[in-house]
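What follows are several structures.
Both complexes below contain subunit A, partnered by subunit B and then by subunit C.
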Partner chain A sequence: MNTFLRKNLLLLLTLAVLAGFLAAAGRNMETSDFVITLLRGFSVGALTFLVASGFSLIFGLLDVLNLAHGTLFMIGAYAGWTVYVRPDTFIDLVTPLALLVSGFTLADAWRHLAVRISMTGRGVAAWIGFGVAALLLAYILPRYPIAMWNVDDYAQSPVAYSLAASQGQVTPPPAATFTEIAPGVAVLGLLISSAFIAFGLAWLRSGGQAGRPLTWRSFTRVAMVLLVGLGALIFNDALTAWLFALNSNWLFAIAVAVSVATGVALGGLMEVTLIRPLYVRPIYQLMLTLGLSVIGTELVRAIWGRPEFTMPKPELFAGTGAGCPATTFGDWLTHHCSTVILFEGRVRVYNEIFIPLVGLVVLISIWILLKRSRLGMIIRAGVQDRQMVEALGINVRRVFTQVFALGVGLAALGGVLAAPSIGLSNTMGESFLLNALIALAIGGLTSYPGAALGSLLVGLLQQFIIKYGQIGIPIPFTEILFKPTPPIVPASTVLLMVIVLLIMPNGLLGKKE
Partner chain B sequence: MDYLLDVQDIHTFIGQYHILQGVDVHVPKGSITALLGRNGAGKTTTLKSILGLTPPRQGSVRFAGQELRGLAAFDVAALGIGFVPEHRAIFRDLTVEENLRIAERRKGDYARKQAFIFSLFPDLQRLIGLSGGALSGGQQQMLAIARALVPDNRLLLIDEPSEGLAPVVIEHMMAAIRQLATEATIVLVEQNFLVASQLAETYVIIEEGRSVQAGAMRDLVNDKATIHRYLGAA
Partner chain C sequence: MTANLSPSLWRRWRGLLITLAAALLLPFVVGLLEGQPPTAVLANSAGVSKFVQGLAIEVFIFALYALSYDLIFGITGLLSFGHAMFFAVGAYLTGALIKSFGLPLWQTLIWVTFASVLQALLFSVVLPRVKGITFALVTLGMASVFHLMIMSRELGEFTGADVGLQGMIKPDFLNPATERLRLYYVALALLVTMYYLFKRFVDSPTGRVCVAIRENEGRALMLGYNTFRFKLAALLLSSFAAALAGALYAIYQPIISPHIASLGFTVTALLIILIGGVGTLQGALVGALVYRLLDFGLRRYMGESASFVNGLIYVLIVIFLPYGIVGTWRMKSLQLRQGWAKIGDAIPWKPNDGAAR
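For the complex of A and B:
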């Protein structure tokens, strides 16, 4: 116990000082204000944590500073919004995406085939295949019917659809149909181009090494993907109608799942194609992720437009009628009020209770994953010594991909959760990435509990400063009432970071290098 | 003669530096072979080149008849090669048990080998819940060897097992390595010639990135001139 005290003296002192600040803040405020500010701090802290934890996992194991993390957070939000407000677009997209992926699910089989047909000039042949695939895609994709919003026309813009959805007026937009291209041609063309690209890549890489034994798994995988893709094509109208009629709680759950899946897929793809070749050149990696974040933002602007819009909350958190705001948990359960009365203050259930709860669940799940699973064990070991992990016969590269995908998935989860609370904008990712970086610096860059603690501190500090901007801080022994202006909000977290780093250069819970 | 490990004329670069400039190592099955030489001669790099951690650019590394050059390190290790690196490379944040479990190549490896490992290193059983960082140097060295024993390895590459250990602990370590030699073939890098000469049956001397001499250890022990020339005072 004594050694624990001595080792963590600085940390405990810092926490005591912070607790002191918090208590002082509580004394100068109404209880209701204090509780609400505390909960808002938890909410911002939870969202920051979702960005920070993924960022820190990736940095800890892969040594990659993923500056695109904020953009991926934002993409998670927009993907979730698309499923939630425009499920028709989502269903239309499933088919071409699944068909394009189908070729790659057969990777094992291609590798086998590539070893068999190892003729000279295979490089040229592979590139001809890529060319054919590119031509096919260039012909099919622009003609492929996808019902979408129109950012140039206000009546059909995301803003208008969001407004309609929040008022419960769900009128499915006209479905897109195959007019310029026959469905059979489109399907076949997509399948062929996907197979050409996947086989071409396998062919280029087959450097005389024998592939692994062929299993049935790759064939069941391709069958599953084709089933999903063709199913979404054949039952397109039925699926769309079903999703539009679905209870918004379920639709929200689907939106969250799709958004996380999008993040995981994007993360995995990014690691395999772009990050992997650059492990030996860290500076290039930094430039790459920075560039990707800009590209991502511009893509979002091109697809969803620049104006900010909102995402309606699911029914469970949107009740306003009789019996609201609820005063007891039972009342809330029956009326699904958007707000509840807590310590005489109105608390928004989604923002201030649901988001922190999800954050807590994620915190605990990842903790269990790290401490109890084999993957977690490999991650913890790899953070310290990657070469040794590899020398044990563990495919570290695969673990890298998994961790990158997991980290980006967490960011996407943060984005889709944040959307109904703070709305969607092109810049929502930047502020959270900045918050997350500050939180990690405070908590310790590669420390998982550090990410949680840092995020919480950043969230609380920001919300308390915002609150004091309204009510003012009485400066002792004077008559002055100091009201922090909005620019002080981000500055305060940076100040906290500077103070913490001056006292503890590795952050509150970071390890000495 | 049939060798379990047959390294022929490998050349390894680290950055632009031509570290290994032609190393041959022939390891008969069931033997202990010592790699000898001065500091910085390229002994550790030879071990890492065999494993593919610093892949050689030229030459060949054959293990049980299979060419290893071009394989990734984890694929090489999975063929049944265990590595006990210099400075042990124990995972500090993992417990002793986790340090052993992570080496499992197939589910159940640890449960199967537990009894054997604890009979070899009884101390580890007592320390099983401690984190790797809390162990002493000797305990870490035992754990590092134990970790290489969890999966069924046919070949063990052991780098500087006696480095920084107290004489009593070195005795224990040598006894353990001798017992291991009955189960697996061992390649040993050892600065301490006394330790190496008592353990190994064959030797290879590496000097400035080249293997310059090899043979039976009992001949080397009496060859004071060679010892003096390549290994300094003995």
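For the complex of A and C:
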């Protein structure tokens, strides 16, 4: 007990101060206001935590300040929206993506082959292969039918589709069909170009090392990918109709899964291709991630347009009919109300209860992953001393890729969860990245519990100050009612950060270097 | 001119001198290309030359600003995310003092110098406590508080809040509309003077200690240097240069927009020196030129997709120019020279003396 106290003194002190602060804050407002503000703080804190935890894992292990993290958060949101509101586009995209990936699933076989065919001038041959693949792709991809929205035409813009979906008018848009190109040509062309690129890369990189011989594993992998791709092509219409008719709860679950998968894939790709060569000159990582974040934002603008729109909430949290707002848990279970009465205040279930719950689940599961799994052990050891882990013969490179993918996946999860609550906009990433940075600085940059505590503090502080901006703070012994203006909201968290850092340069829970 | 300088000195400064000569002649050359006689250029008549001068003044401002950032980040190794505050204080102080208090320019500049010293001291207060990325975050915090102060409505009378400070009466002899050529030369002179000063600073014993702090602060401490003082010196000089750049910005731009105090503007400085080459000083000049012209060219010719192409170019620069333009050039030029020397050695016949070395 004594050692526990000594070890966690700071955490307990912070929680005590927090409790005192909350009690003081609660004295001047109604109970219902207090509860709602508290829950909103938890909600913002949970979203911030999803960004911050990934950022902190990446920074702790890889020493990369990933400034594109906010943009990836946003891309997660938009990817989730696409699956949720336009499943037809999603199904159309599955086939070409799967076919393009198929070549890379045979990487072992290519490497094996590349060592066997060792001829002079293979660099030239590989580049010719890339050129052929690029030509094929340039011919096929613009002609490949993908059902899209039209950013310039309001009736077909994402905004209009979102609006229609939120009113429950699900009319599947006309399906895109193969008109300019024969399906067989498209499939074969994509397969060939993918194989060319993958083999060319293996050829360029083969340094006389014998690759592993062909295994059943790689065959099953390629068979799975092809099965998914071709299945999505053949049963395209049936799948689209099924997804459009699907219960929105399940569709939302699929959207979350796809969005996380997108994040994981993007993160892994980014680490392997772009971040990896930069470990020797860390400062240029800043420039790279900045450039990537600009590119990502512009791509999102070009594809989904500039106007903001919201993603409709799944049925489970969208009921408004009879019996709503629910007053008891049983009521809510039968009616699936969007709001419930809690301490005489209306609380939005999705925003203020569901998001914090998901945040808590993620917090605990990542905690278990870090504490109880082999990967987690390597991550914790790597954060402490990377060179030592390398010296012990652990493949740190692969762990780096996994951690980067995990971090970006968490950000994407945050994005898709935030989409129904705060809506989708081109700037949603920046504010959350800044929040996450502040939260991490408060909690300790490489500390996982620190990320959670910092996010919670930032969320609560922001929401309470916003609330006090509406009702005003009576200053003791005077008649003045002080109302914090909106600019004070970001300033308050920044000030908290500066104060904490000046007292404790490593953050509240950060380890001393 | 060469005769008076010793050869090594000439080799050392020739790049700067040639650039300086080109910059001095630039307005007239552009005027002649357009068909404007030099007298018309001197009289500040409208034309391409005047426009190019304006663009060049912006480049000079960016270059001075990036130069000041290079001193604390590239030379001394202090990563600061609050550098935009140094610039913005200079700009807003100049604007507010001239507009709201009607001070003449020279008094304003004295106040700007004073303020620049104060803010360097403010940053240095936290120096002993926080290091590395934490210092960056604390400075970011200070700068954001300043940014919010500028944007707040309470001070709007002096700062123009979120619209920006406008309607400042420009000093007659430096008016960007009527006396642009003079402003151009003044900005150029300021930049060259500051560059020379920075170069001397970096080459001086003090500057060497700053480089040592960047490379290994613990060792510098152990050798008996009070590293705090050297960091403070770098901060002071850097803050002064940035504030001067801000003052120049206030004189040149019709509106002082509040974004110059934001994190984005610090990132601009970082990008410029990353493009040019970290810790090279010349890199800041080259980077500012590339940055401004890229921005201008892309906005003009690419329209909507300008930012996208910009981001793409940054990524390409990171991949293909691993140490910035100047840094990579220096590395490669050494390789080139060594390559030539190797070829020279391979030739059995020597022009000077046949004896083997």
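Details
The rule we apply is simple: the second predicted complex is superposed on the first by the 493 of 513 C-alpha atoms of A that agree within 3 Å, B and C clash if a C-alpha of one lies under 4 Å from a C-alpha of the other, contacts with A are read in each partner's own complex, and residues count from 1 in each chain.
Operating definition for what follows: a contact is a pair of C-beta atoms (placed from the backbone, for glycine too) under 8 Å apart; a residue touches a chain by one contact, two chains touch by 3 or more.
Model, not experiment: these values are computed from the prediction.
In the superposition on chain A, contact is made by A:I295 with subunit C only, not with subunit B. When the two complexes are overlaid on their common chain A, residue A:A223 makes contact with neither subunit B nor subunit C. Note on subunit A: of its two partners subunit C and subunit B, the one contacting more of its residues is C. Of the two partner chains placed by superposition, only subunit B is touched by A:Q387; subunit C is not.
Once the two complexes are laid over each other on the shared chain, residue contacts for A:P487 go to subunit C alone; subunit B is not touched. In the superposed pair of complexes, A:A155 makes contact with neither subunit B nor subunit C.
Annotation: subunit A has no residue touching subunit B in one complex and subunit C in the other.
Partner subunit A is touched in their complex by these residues of subunit C: 126, 129-131, 133-134, 137-138, 140-142, 144-145, 148, 151-153, 263, 267, 270-271, 274, 278, 305, 307-308, 310-315, 317-319, 322-323.
Residues 207-209, 374, 377-378, 380-381, 383-385, 387-397 of subunit A are the ones touching subunit B in the complex.
Here subunit A touches subunit C in the complex through residues 65, 274, 277-278, 281, 283-284, 286-288, 290-295, 297-299, 302, 434, 437-438, 441, 445, 485, 487-488, 490-491, 494-495, 497-498, 501-502, 505-506, going by the rule given at the top.
Those residues of subunit B that touch subunit A in the complex are listed here as 51, 53, 70, 72-75, 77-78, 83, 85, 89, 91-94, 98, 101-103, 105, 147, 151.
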